[in-house]
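Note that the chains take the letters A, B and C in the order they are written out, and that residue 1 is the start of every chain.
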Amino acid sequence: MIQIESLHKQFGSYEAVQGVSLSVPKGAFLVLVGPSGCGKSTILRMLAGLEAPTSGTIAFGGKTVSDGGRGWVIEPSRRDAGLVFQSYALWPHMTVAGNIDWPLKVAGLDRDKRRERVGEVLDLLGIGQLADRYPNEISGGQQQRVAIARMIAPKPGILLFDEPLSNLDAKLRVEMRTELLRVHRATDATSVYVTHDQVEAMTMATHVAVMNGGRIEQFASPGELVVRPRTAFVATFVGTPPANLVPVVNGAYCGRLADAALAGRNGSAMFRPEELTLAEKPSDRTLTLDYAEASPMAGRVMVTGIRGDLRLTAITDSLPSFSVGDEVHFQLPPAPSMFFTPEGVRAQ
Amino acid sequence: MKRMMMIGAVVAALAVPAMAQDVDTLSPEALRTLAQKEGKVTVYSFTSRIARVEKAFEEAYPGIDLIGFDMSSTEMITRLRTEAAAGITNADVVYVSDAPVVLSELLETGLLKNYVPPRIADKLDTAFKSPLLAQRLSTKVLMYNEAAYPNGAPIKNLWDLTTPEWKGKVLIVDPLQRGDYLDLMTEFVLRSDEMAKAYKALFGKPIELDDGVETAGHQFIVDLFENDLVLLASTDDVNAAVGKLGQDQPPVGFTSYSDRRDNEDEGWALQVVSDIVPSNGIVFPALLALTADTKNPAAARLAIDFLMGDDSETGGPGYAPFYVAGDWATRSDIKGHPDAIPLADFKAWRVDPAATEKIRKSVGDLVLQLQ
Amino acid sequence: MIRVPPSPSGRGASVLSDILMSTQSRNRSFKDAFLSPGLGLKAAVLVLLTVLVAAPLLKVFGATLAPGAWSAWSDVLASNLSRNLFWLPLANTMILGAGVATGCVLVGGFLAWLVVMTDVPFRRTIGLLATLPFMIPSFATALAWGSLFRNARVGGQIGFLEGLGFSVPDWLAWGMVPTLVVLIAHYYSLAFTVIAAALATVNSDLVEAAQMTGAGRRRIFLGIILPVALPALVAGASLTFAGAVSNFAAPALLGLPVRMQTLATRLYGMIEIGQAERGYVLAILLILVSAFFLWAGNRVISGRRSYATITGKGGRAKRFALGTARLPLFVAALSICVLTTVVPVAILIASSLAPSSSALFSDWSLHYWIGASDPAIARGQAGIWNNPLILSATGVTVGLGVTVAFSASLVGLLVAFVLARFRSGFLSAAINQISFLPLLVPGIAFGAAYVALLGAPIGPLPALYGTFLLLVVAATAYLVPFAVQTGRAVIQQVSGDLDESARMTGAGFLRRLLAITVPLAIRGLSAGALIVFVKIVRDLSLVVLLFTPTMPLLSVLAYRYASDGFTQFANALTVVVLVISVAATLLANRLQAKSQPWLQS
């Protein structure tokens, strides 16, 4: 449904997006995730038609909507796409119903059809009783719903979300995640969702593009990302908690703990948190770090230690009584589950 | 011992009013000594010529600073009243016109005191010595541009000013801003009989008064305004508009005859309309007085003495700025200016302060209504 | 500038400290434990404000109710004089107010839209130029107009255009049209600043969301941008209306020669000729008119809808591409700016040097600036440098500006501190209301009120008429709202938490003020003080009635010279005022580091 081919975007001398290509089928829920400045919002705006690519093409359903090389862009309203802004962008001088109605008016629908449609989406989002209120009279979560209602009222084929949940408090965020998915399924559309929160990506997406520095680190399903991360960045970005990376120098962990399994390589070794255990005493298979924090999770306990640049998290069953200043001995399993080259790419 | 002191105190007490009386009778030389101890005198003047008097005074009496402020008589009267209400006395000498208001609002309320310098007391008519000293007579009369009308004034009858030919071409200073002009308007009303006669002389029939108009004089004022009488802010504006050289059909206006003195410097051709029925305007006194609470009594009296002129024929440096055609000295021993029409032959009406004061306010309200 | 984010625990800390204080107070006297904190301070500030602001207004009202003065009310409102005393001036005042408000919103709004939302070239320059006219006093612009357009109706010097041979019609040289033009040219920069600031906060998301719907540029402008900017438009209209209604200089210089009176000029005229009661009645009526329209404007803006746009990742403001209209619109904007800033100043300077304003650019001479008295020129008036009255006027004016800058800043800081610290309670509400009262009162009415109040001795206190102190007190009272605004901005910079942590140490109020608040806020305070200085130096309406010959002021002298026909001196004096005014304003803008975000991109 959505096809992106070698997309580039340059602002002056700054390259925001460098050669991104991906494609998702109809009905997919694509999440673009990555740290700030990785280019995900820029891609979203190019999908919306608010920015033109410097080079590369975007196609919806086989029809090219943006062609950077030839320099033409189909305007936003003719792309059959809708956008929810991070700030919701509700027009403050119109009521909730007015906000939803205006785009339909612009599109030329007659009064009856408009009224019917406005009622439909208000009910779908469960905000029918807010129809006559003004944006400043409703809560953040309610504004969020109005923004979504406004977007889907014209029945777009593609839904675009720009970090829609980042202004909400934690509990509301969890609730709204479910809501968004429900709306996505109810409208039968293809969604593209931008966030910096990997939890949202992991729980909502059918397809995830992990981005860093304008490039795609890995484009895969959520499960694939956890099981087979393509780069060290992906390994330490996704997952709760994310995987551990231990630097390997000349076949020795941290340069001191030699291991034949490493066969003299250089790079980083990946251990999943559940693969590490805590030892009472140091040994030749333990790394000693300073205790940082411990927190309960799903009936077990995550224990984290830090020393220098190295940060390790292990999952154990019982809550050990550590306090600040104690040392924690992390016991390594016989072999790492994955190995990355010094460039950060998965090795064989 | 005690008795001696008591007598001494009584004598001293008696001497104080005697000394105060002394100041009024002192000669200029004696005043000068006292004045130099006081050091300065502030004069509120209704004419800007006070600047020249200032210069001459400080040359004649070095060591005594004469500070002159010029403002219109109307403003001066308001200021003096406000300052008095505030208990402040800024001015020592007041040189002001608009006698009707000055006499009723400043003299009778005790804000001003009369002073006649003994040196010239015998050279003045009683009318010019009381109730306040009059230094000269000034005018507000109709004037025209003699360069544009070399064969004499184009106006022969006051009622000409209300004809279509002169629509929008008659200038005057706003009577509500300048009291002398309000006195002029009031004079039209006071001389209604003459105005009625002049109307008949021009239009051939007796005057018919509009509804609500009481006299011929009132009617004249109404007609003037209806004929687009132009109100200006100052006499200089009138002078420039009327007198400027090079105009084809300049307007006429009511201003001071004595402003002719500036004709050469300013490039004007002002001339008074002298042959006119019933009159060309008013003649009124310019008054000199002391403020009742002056802080510099000797210097103030010296200044008044100086302004009255010295013993020469033309009045000397103190009177020089006023020795022009169109101002007549009240002193009988100062010769008239060679270029001037003698006062006896001048057709203007003399202002009667008491009669003017009575109806002035209602004439002012009429003007306000017509504006 | 220190920015401390308000901590959610702020209120908690305040409650905590209050509890601590009250437990401490059990050791003090019984009285202390019962009175609310800061009662003494609040009462003192309230008394101060009452004396400064409320008293003169009440006095002027009372003066018209005195037994002898009753007739003034009927004279003004219901006699055959009323037409000229009140109704015509009222009509002119309303026309002026409405016309100026409309013109300013149109011109200021147009320029604001251009600078903030489009890609017109040289945005920064236009944006800067558009804020300058407000620095030029309105009597300066009026004099400049006169030098250009004056015709021969009122004699005296004719203007430049007539001198060139054009015949300037009366309606262009005098009366309503020039007054409207001059006031619009002066006040539009006020509307520009307000509207530009509002447009800059219009989140670009709102526009992009509209773009997503397919709405064309025109529809977006009319349906989204304009309505969202409405509060700013109304605020701009309101402020410029109030300014036009209370302005004295422009109608006095341009309207009186054709007998066009406004309430402000009528009021001045009545007091000048000694009919003070009628003047006071007019003053009260003027205040009522002005207050009503400001209140009405406020009502329109406030209401259910709040236009506070949610800040978020608003992102780059995408500007409207003007296309082919780019150059013509730029030229139009630049012309407006140049005509209202550069041209009046140039004319003023030229006409202070030219002996005849009909030939503005010939025979330039420095006589009017530094010449000695010469009877052949301008009836012997010496150049302004040599005129002792003008020199003393300069001293008094600058001295007044500096003194009032201090006193107003002090009062403003005090009031702002009290209002920030004690937000609730009847006293605080009263302080709040009274401190903004002068905004509703036109300067000339305020001057009249002060003459009424302090013109005569009050009991044992001597009268202040004609004293420097009167000018200081009246000017301070008049500028209290601006000073409080500055004070508020300054106090906000210093978070309440900082002050409260000092309170916990037991430091007294004054010590805290001097050691914590003032040092942190000195920049904002200086800028505010400079603005007060400028407002006083170039003000005419307030001081024209308080002027006495012994307390001369530059602006009033310029006005009087102009009225007396000494145009060159008037213009030279105005240039002096202008230089002081512009220099101080630029310095103040520097200090405030007022960022103009719409110029960033």
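Please note the rule applied: contacts are C-beta pairs under 8 Å (C-beta built on N, C-alpha and C of every residue); 3 or more make two chains touch, one makes a residue touch a chain.
Quick caveat: nothing in here was measured; it's all calculated off a predicted structure.
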{"item": "Chain whose average C-alpha position is farthest from chain B's own", "value": "A"}
{"item": "Per-chain Cα centre nearest the global Cα centre, belonging to chain", "value": "C"}
{"item": "Separation of chain A from chain B, taking each centre as the mean of its C-alpha atoms, in whole Å", "value": "93"}
{"item": "Rounded Å distance between chain B and chain C, as computed from the means of their C-alpha atoms", "value": "41"}
{"item": "Chain A-chain C separation of Cα centroids, rounded to whole Å", "value": "53"}
{"item": "Contact footprint of chain B on chain C as seen in their complex", "value": "80-81, 83-85, 152-157, 256-257, 259, 261, 269, 271-274, 373, 375-376, 379-380, 451, 455-457, 462-466, 548-550, 563-565"}
{"item": "Chain C - residues contacting chain A, complex", "value": "203, 205-206, 208-215, 219, 223-224, 227-228, 230, 304-314, 318"}
{"item": "Complex contacts: residues of chain A adjacent to chain C", "value": "41, 48, 50, 75-78, 81-83, 85-89, 91-93, 102-103, 106-107, 134, 136-137, 143, 150, 154, 162-163, 167"}
{"item": "Sites on chain B touched by chain C in the complex", "value": "44, 48, 51-52, 69, 71, 74-75, 77-79, 81-83, 85-88, 90, 171, 174, 176-177, 230-234, 236-242, 244, 262, 265, 365, 368-371"}
